[in-house]
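Below are structures written as structure tokens.
The same chain A turns up in both complexes below, where it pairs with chain B and then with chain C.
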Partner chain A sequence: MTFKLPPGLALQKVDERIMTLNVGPQHPGSGHMRLIVQIDGDYIVACDPDPGYVHRGEEKMAEYRNYILNIPHLERPVIHDSCNVLYPYVLGAEEILGIEVPERAKYVRVIASELNRCIYIMYWLAIYGIFLGHSTMFMWPAGDRELLIDLMEKMTGARVTHAHFIPGGVRNDLPPNFEDVCLRQVNYFEKRIKEYAAIFYDNPILIARTRDTGVLSRQDAIRYGTTGSVLRASGVDYDLRVKEPYDVYEELDVHTNVMKEGDSYARSKIPWLDMLESCNIIRQALQKMPKSGSVRTKLKPNPKGKGLDSVYKRVESGRGSLGCYIVSDGKVEPYRVKLSVPSFRNLIALPNLLRGEKLGNMPSVYWSLNYWPVEADR
Partner chain B sequence: MSVIAPNFKLSEFIKSLLDNIFWIILLLVLIGLPAVFIILFVVEMPVINGELLTPFLALTWLADPSRILPVVKAFMGTDLFRVMVFPGFGFAALLAAGTIFVERKMLAKLQLRVGPFYCGKFEGILQLMGDGLKLISKEIIIPAKADKPIFWAAPVLFVAAAAAFVAFIPVAPGWVVADVDLGLLGVFAVIGFFPIITILSAWSANSKFPFIGGIRALFQMVSFEIPLILSLPGVVMLTGSLNLSEIAASQSVFPWIVFLPVGAIVFFITMLAELERIPFDLPEAESEIVAGWLTELSGMMYGLVQLGTYLKLYAFAGLFVVLFLGGWNGPMIVPPFPVELLENGIEMGPITVGPLPGLPLFTQEMLNGTLMFVMKTAGVIFFILLPRGVFPRIRVDMLLNLGWSKLIGLAFVNIFIALGLLYAGVLGPGGLQ
Partner chain C sequence: MGTATGIIRALNSGIKHIAMKRFTLRYPEEKLKFVGDGYQFDPSTGVGIAGLKGRHMLFHDHCTGCQLCSIACEGVAEAIAMVKVPEEQKQNKKSIMPQIDYGKCVFCGLCVDACPFYALYMTNDYELSSFSKEGLIYTPAQLQVKPYVAQDSEIQISDRGATHG
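Showing the complex of A and B:
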């Protein structure tokens, strides 16, 4: 009896040597996603990432809310990096609505954005540690993250989902004495994360495990369109804070960290170096910030765009370049909001990186891509 | 936090108290008394004050310490006591429970946490009991396509093998469950069971992740057994005996770690791998293969495997102490038994209890030996636990490379050191000459 398959489907040839593993979505080594991994013995022959388990329709939701009401829900894809994920939307909305931002607000945004980048990277680093079986590296970043979360709480009133950036500045001015507290906490934070090198980044077992695994060459990194730490770990000097400075980044001295190896170790070390750089940026911004002044331009209720208009803005988030494309047709709500997220772009490299690797390298390579499943699904 | 629950009723409280009392009395009569009688029948009855002690008479004397102490002492001479209580299962399980508590608290301190805190008023000391109750009360789920008899048997076999391992460890002079002349070979034989049990459990679960974990465990245990066994002939050559009690007794002057440090290091590393502890916890690597060969185990089956794992940890630490750190040998710090108690009895105000014929229950040597052994074992266990907070997990190929090329080479170096010491006449069978 012959059996006719519907068009578009093909039966896969079964090889007895190949075992198919469903890594996720209920697996401690996957995020909210699934990796369909085929292994031959201990070697991965194919890997098929299957995201989409946490698709929430953020982009569609944005078409039914006005420019202000969009703020709290558009930061949901990456709540640990909520300021950065909202940043391009706010920049774009300002251009569409034609609002000027006060100078002090720009500095406050930079400080909040850099603090949030550190908060995100600490969370990411904690999971990278536990993926490698290093339970101390799970607990230390998760604990030290609280320092900066407390700062953000003082600044915005919320611990994680801040909803602090609005078109026209930031929601509230800094609390009194914030500069001193911030400087002290950031200095201590920098001292703490420098200690991580001794237990994690200089650990011989960690180096032996992650060196030369999942190597992404410079050409491939550019060809796949990866961004952020993945691109910089492959030797490409690309950071939007330097290349396309937004707000006041051009007045600050931002150093880009680049490593040439392109392996899992380099990809895990770049975010850590980024955190040290963020501490420098915060200190500079605290110094150069105007000590007083407005932080918000008054908006009319239900602001509208000026007609058919579109704008694309992008910023350097904790994971890479994060873009937001807004189309306005002159109504109260945007016609279309499209988030171009770095996680999804970095994920494209995963099947090629995992092919031929050992199964034991799967978690370290997967998580070194700086991938956040919820952001990729939007 | 309210002191009394809002729907508190005194009548129900009293009823629950009475319920408890009823059940305690019922269980005591139905189980406790028969158990006492059975134990008393097993014990060789001593003659006290010129009359043979019968179980019935012993029961009437339960309240009198001067008459119950000889019974207890007689019970302590039996094999049942040795297997179940002191050098055997009970003692080992107590140390294993302490190990779990220390592990959790120590790791917590290392990782800027507090660890178990609320259960048991003081620093979460009863957390383990709570975890055990939880595991017992959980449903045991078995995969539909599992090979059920083997799947059920594997955790029990695991605990049995770990308990058999414990039986070989001498704790104090003369206090060992199985004092066999080929004790070290017996230990190797028992260690050889673990990979078989692991692969049986993993294979019978009929699931992918346990299967990969089982294969990894098999790789790891089989390839590390060779350096494990090869690291020990040095000690055997210098001692001239395979009996663990004799090996421990031969180190009254120097522990063998002074002369054979290479062997001790190799044995320690292989021990970590055999115990599947970080950095060698590949069979249970949760980010790669969920929980490895433990994935499909649930409820008390998982609890049994954990119990077996920690018994094995104690036994390996004890073996390290016996082979390299001198076992029970050490300075005498336990004070001698006050002999006048035997003649005068204990004065408690107006009442004098005694003379007490059964005392002393333990000799001074035995108490001191046990103390030394426990202290050394606790130290070794501490160093077994410590890597968990410091190292990440290593990979299978690195593990096999370490086991086959480096550790075996070092084990041979250790054997040559021992042979050199033997031929140079520095040391000979039986210890320092």
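Showing the complex of A and C:
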């Protein structure tokens, strides 16, 4: 019997030129995952991402709880983007349980989802800034995020992990005077993030560090199955809010941002453009939202599916298309919940992007993939 | 645009912030303002009322000891245990009421949604830290007390930037 060691642990032939370097799992430049990088001098020869350090068994846990009690733990993989990570599950559960959603609830969901997307991207941008040694770009997004977190706190009662979406709508109505406060803070937020262009995106130092590093061609982006900002940065016009509109996105005017370069710079700029687009969507949704009405269909206790049934729903999250596959066997608990996450899809492209790059470019290429380790491991 | 111009524009963008107001909240001295008195739920309509999901508040004269909050929490955090209370309420024959362990609670508020008798609400109290694990376990008598929460700061937006005024 031959015993196979996991990758990275196997004894490797000592080569005089090639050195194997472990980046992570405790390294701040990798998140909760390890990158096994082989370097020749300063150049990366091969890279082997090793995720799985924060596996939580979300999918198995979902088989033991009913459709409502699954909500608090299913939003844990990405706590900054908790509304979007819960969105496909809620859409799927509604179809299985046969629940209609009131019109106002759909708009409230869209607003919450877009606010959450901005909160996630600001956090991502803050870390991208500090990875590149740009401390101001760490402080500003981390501070300006507070404007939106404050809105989410007023709306849902929690600053992160809101547990706000529920099959049948949202859990509570908007607080009084929320529309005015939201409009005021989103307008100011948009003004603030436009200022990031001069200090970060048009900064020649950033351009010198990220331009033409980790280039992902259009064909490769499609072949590896990348989604979201990575796919759009490689010149593919693909956004689920436009291509497969869910809830009320077809009534809103959503513009997709596409860049052709496919390098780290394009991948870091697309999320920023998405935030500006999100501000537009929030303003449209606030305008078109019915001013009164119910936000939640009353549920029976312990709702059940109608026999053997399965549904796959996907939404555009802050990182890309996020899918949820639910199988029901007519019981109170779902038979199977499978999350198809964008982080893992985007990670697949990493070894090919890093080959031939300098080691100093590794953080900028790696984090530009819009990767969230906990979501990939779920 | 040349490299020098770009760097000067980037520096200028930072220098402009010298005249801007401080956005940071000085936490223990200043505290955030919330909407309402905390998250509540109306079982007759099935819709909640917006508010902060903080520490719970238990109304002893409404609680019937039905354990629905405890059953809801079993699937989430297992933070709620039903304990005997010395007092006797007319509607509570078994004299049991929820006791909440804030070392486990995730503040999702599904226990509030589960309560059909308007007995369990959430309040604005979020300062729950304690020196011991036992200090985080709130008995029904402790949950009955309405907390006092200082709220004085709200985000203000002016021409010189946003601030917690």
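Keep in mind that, in the parts below, the second predicted complex is superposed on the first by the 365 of 378 C-alpha atoms of A that agree within 3 Å, B and C clash if a C-alpha of one lies under 4 Å from a C-alpha of the other, contacts with A are read in each partner's own complex, and residues count from 1 in each chain.
Assume a contact is a pair of C-beta atoms (placed from the backbone, for glycine too) under 8 Å apart; a residue touches a chain by one contact, two chains touch by 3 or more.
Just so you know, these numbers come straight off a predicted model, no measurement behind them.
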Check: Does chain B (first) or chain C (second) touch A:Arg209, or do both, or does neither?
Finding: first
Note to self: Applying the document's definition of touch, where does A:Gly52 land relative to chain B and chain C: first, second, both, or neither?
What the structure shows: neither
Notebook entry, point to check: Counting only touches as set out at the top, which of chain B and chain C does A:Ile199 meet: first, second, both, neither?
Noted result: both
Margin query: By residue count, which of the two partners contacts chain A more extensively, chain B or chain C?
Written below: C
Margin query: A:Leu21 in the overlay: touching chain B, chain C, both, or neither? Say first, second, both or neither.
Written below: first
Next item on the list: Could you say whether A:Ser135 touches chain B, chain C, both of them, or neither, answering first, second, both or neither?
Entry: first
Check: Regarding the shared-chain residue A:Ala158, is it in contact with chain B (first), chain C (second), both, or neither?
Finding: second
Margin query: Contact-wise, after the overlay, does A:Ser294 reach chain B, chain C, both or neither (first, second, both, neither)?
Written below: second
Margin query: Which partner chains sit in contact with A:Gly235 here, chain B, chain C, both or neither? Use first/second/both/neither.
Written below: neither
Checklist line | Which of chain B and chain C A:Met362 touches, first, second, both or neither | finding: first
Checklist line | Intersection of chain A interface sets (partners chain B, chain C) | finding: 136, 143, 199, 203, 205
Check: Any idea which chain A residues touch chain B in the complex?
Finding: 19, 21, 27-29, 42, 129-140, 143, 199, 203, 205-206, 208-209, 358-363
Next item on the list: Give every residue of chain C touching chain A within the complex, in rising order.
Entry: 1, 3, 6-7, 9-10, 12-14, 23-25, 32, 34-36, 38-39, 45-53, 72, 75-77, 106-110, 113, 122, 155, 157, 162
Next item on the list: Could you pull out which chain A residues touch chain C in their complex?
Entry: 64-66, 68-73, 136, 143-144, 146-147, 150, 153-158, 161, 163, 171-176, 178, 184-185, 188, 195, 198-200, 202-205, 207, 294-299
Check: Where on chain B does chain A make contact in their complex?
Finding: 107, 110-113, 208-209, 212, 278-279, 281-282, 285-290, 388-398
